[in-house]
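One chain, chain A, appears in both complexes that follow, with chain B as partner in the first and chain C in the second.
Then we have the complex of A and B:
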């Protein structure tokens, strides 16, 4: 009983704190005019803009919010898919085959510390400012997390399990698919989640620098036009989608991947 | 029992294969760049390496390479220190006090999924185009990781230890400084390590969007001028410094939290 009231108390406190922040924000902008609307638009204004952009408003950047989201998603998921399709098998292969590891790991270790953002100029020079250059950038963002985690996951396979399998006459192939990969699955999934997170971050950067549509483009144009309300709408959208993407993958992981946690 | 020679072979196999891997990569790269049409987009590896070495004495833009690296490191350093102080403070107070947690967490959780680079337009409006706006962006990039990890660490303190300390008559203050803080240090260090990598990536991004010097400026200028060599020299510098930062942080952790290795969280 006491626990329940305590829980309620904290929940009410949380709600109060959010309301207080919104109220202070409104107070310093719309009511007291302490901060110029060019620096920080009021929450009411942001909400208005959000509704306007959601219901098909195209000003000031030439597309509705949903069109921007669709453009960003198309790039992010494209690059992510390619990155994962290359990264996971590469990580598994590197961890499983010692000869391949000795050859490929040093090369991978050279690419690894380069942030995905640093590939932007090269990608733009090589592939132009269209769809493929951004896919290329996000490829690197996703690829690195996917590879590292798959590699670490396979490496974690217990030697004893492998011995048992080989004692019972499992072939190399069976050992990989029946023992090592299932062991690594939670780690691989964590890698997929991290990869999605870093893809989304890289996407924003890529669109800030070179794009004609997409959420990053939207906030960049809004800055040039001096529309901070649109910037904030864009930031909130980016945050919410990033959050949703990671939640969806986490739910999938909890449902389909046994073990791990 | 394997013989001495084969053990020697096996030990040095890795080093040997590493050399083979790099040699073959550089050779293929060099041949492709020199003898095919791809040379237009891909300068030969030898040119990049010699330009990289040269950049330490011959300035690119206004500065030499070390100055560019220094400027970027300075930006990361300042923001990282602020983020460490703020992040540990906030993380510990959220983990330790349920009231603070209830007040701050919903707001923090709302801000956390926004990538630091998405703050660039806002931070330019607020802080202008100078270093301050870069500090702000890098600060955000580091801060969230440090806070989350510190918070997790403080939350995951062993309840038996807490109970034991309280039962033996430790004051709240003692419990906090002798039990809670030490046992969350491994988490804090894990956070610091992610944060330094994220911070380095954020400075590159911030400098690419708007800057007059630094490693991000190097590569974005290379793009503007269509100078692939300069881009790749910049990427090489970014990669090397990023690697050094991550390794240094891991070494520091190993030094300061020796007990962590035995426990293996």
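Then we have the complex of A and C:
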């Protein structure tokens, strides 16, 4: 009971911070006119724009908010899915198989520090300026986190747990699936979440490439047209969607990762 | 009295060398079927290396180990090993932990269910079946490990100071539980400890090891009647005898 009250209190605190920011924002814009609406539109104006874009408004960037979201999701989830599907098995294989580790790890260690955005020029060269080059950039953003964390997770496997399995007569495969991967699962999920974060970050940059749709594109157009309200709507949308996606992953993690340390 | 039981484990000239360091030096002995053998020796004398060589976790440098007259094959011989460290899987519940060995061995589900039920009951953890290891006390964790080992009904049970980290009351309790299980299942047990009282309390025979490089110093038969009374004169005499044998100070 006490716990619930405490939780409730914290929730009030969180709500307070949002209200305070909105209040100060409103104060310096609509009420005191301290900042020009060309720099920072009022919350009310942003809300209006948000409702307009949500209810099918296509100005000034040529598409509704939902169309932009759909375009961005298609790229982000495409790149993310491929990155994770490649990265997680790669990380597991590198950590589990000594020979493969010797073979692949040095290469990976060189690729690892290259920021996803540094791949943009090559991606354009290789894949053009369409959908796939953007997916390629997101791929690198997701792939690196997914690989590193899966690798580190498998490396945490306890020798004693492997011995237990081995004395019970476990095959190498059983040891991987019944000991190493369950050990690594929390780290793999951490990797999935970090990968999602980097993908989302890389998205806006990827959409600088000759896009005609997408949240990043919408923000760019709004900047050129001097529409800070649209920029802010775009930013808030990116924030909210990122938060929702990460919540979904957290729910999955709670479902599949059991037990403590 | 001659022990007429057949030989379960035959250790022949077991030698283990790590680079320059000779850990096990030409060890040979037999373990009878259904025997409870305790191995004692000074700390760091290579007891764990011995067990790990026996289970092929380490490759012996020289020598051979036979179970039922065949070289050890972990897929064929049913062995369970209880380690010094806590070895429950943190991501599995109590019952899933107990099931672990059974599922490695591909035991049919119905039979496995039955074994899990049985051994949950035996170690008194039925009520805690859905708990995860981080919710359990040290003694409960060790009971999970014991149940996991016994559930596979191993022909050979290896124990490496399994109670080293427990306080004395829990140790006594778990030692008795172990003896009950041993009698109930007729398992062959090799129990390694540096606790002499524990060795005298549990074993039918005690192997005393020397300091590194480890050899067998001597072997003591222990016919004290059970349940053993740790303050009886015979018990104390035997304990002192063993203590004198492994004195390294």
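Assume the second predicted complex is superposed on the first by the 236 of 261 C-alpha atoms of A that agree within 3 Å, B and C clash if a C-alpha of one lies under 4 Å from a C-alpha of the other, contacts with A are read in each partner's own complex, and residues count from 1 in each chain.
Just so it is clear, contacts are C-beta pairs under 8 Å (C-beta built on N, C-alpha and C of every residue); 3 or more make two chains touch, one makes a residue touch a chain.
Everything quoted here is computed from the prediction, not taken from an experiment.
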| item | value |
| --- | --- |
| Which superposed partner A:125 touches (first chain B, second chain C, both, neither) | first |
| Chain B versus chain C as contact partner of A:27, first or second or both or neither | neither |
| First, second, both or neither for A:179, with chain B first and chain C second | second |
| Partner chain(s) touched by A:11 [first = chain B, second = chain C, both, neither] | first |
| Partner chain in contact with A:104 - chain B first, chain C second, else both or neither | first |
| Which superposed partner A:117 touches (first chain B, second chain C, both, neither) | first |
| Touching partner for A:238 - first (chain B), second (chain C), both, neither | first |
| In the superposition, chain B vs chain C on chain A residues touched | B |
| Common interface positions of chain A, toward chain B and toward chain C | none |
| Chain C residues touching chain A - in the complex, by the definition given at the top | 52, 55, 57, 74-76, 78-81, 83, 85, 87, 89-93, 100-101, 103-105, 132-135, 148, 152, 158 |
| Chain A partner contacts - residues on chain B that touch it in the complex | 13-14, 17-18, 20-22, 25, 41, 98-99, 101-107, 110-122, 124-126, 200-201, 204-205, 208-209, 216, 219-220, 222-223, 226, 228, 231-232, 234-235, 238-240, 242-243, 246 |
| Partner chain C, residues of chain A touching it in the complex | 158, 160-161, 163-171, 174, 178-179, 182-183, 185, 257-261 |
| Contact set on chain A toward chain B in their complex | 10-11, 13-14, 16-18, 21, 38-39, 99, 102-104, 106-107, 110-111, 113-122, 124-126, 200-201, 204-205, 208-209, 216, 219-220, 222-223, 228, 231-232, 234-236, 238-240, 242-243, 246 |
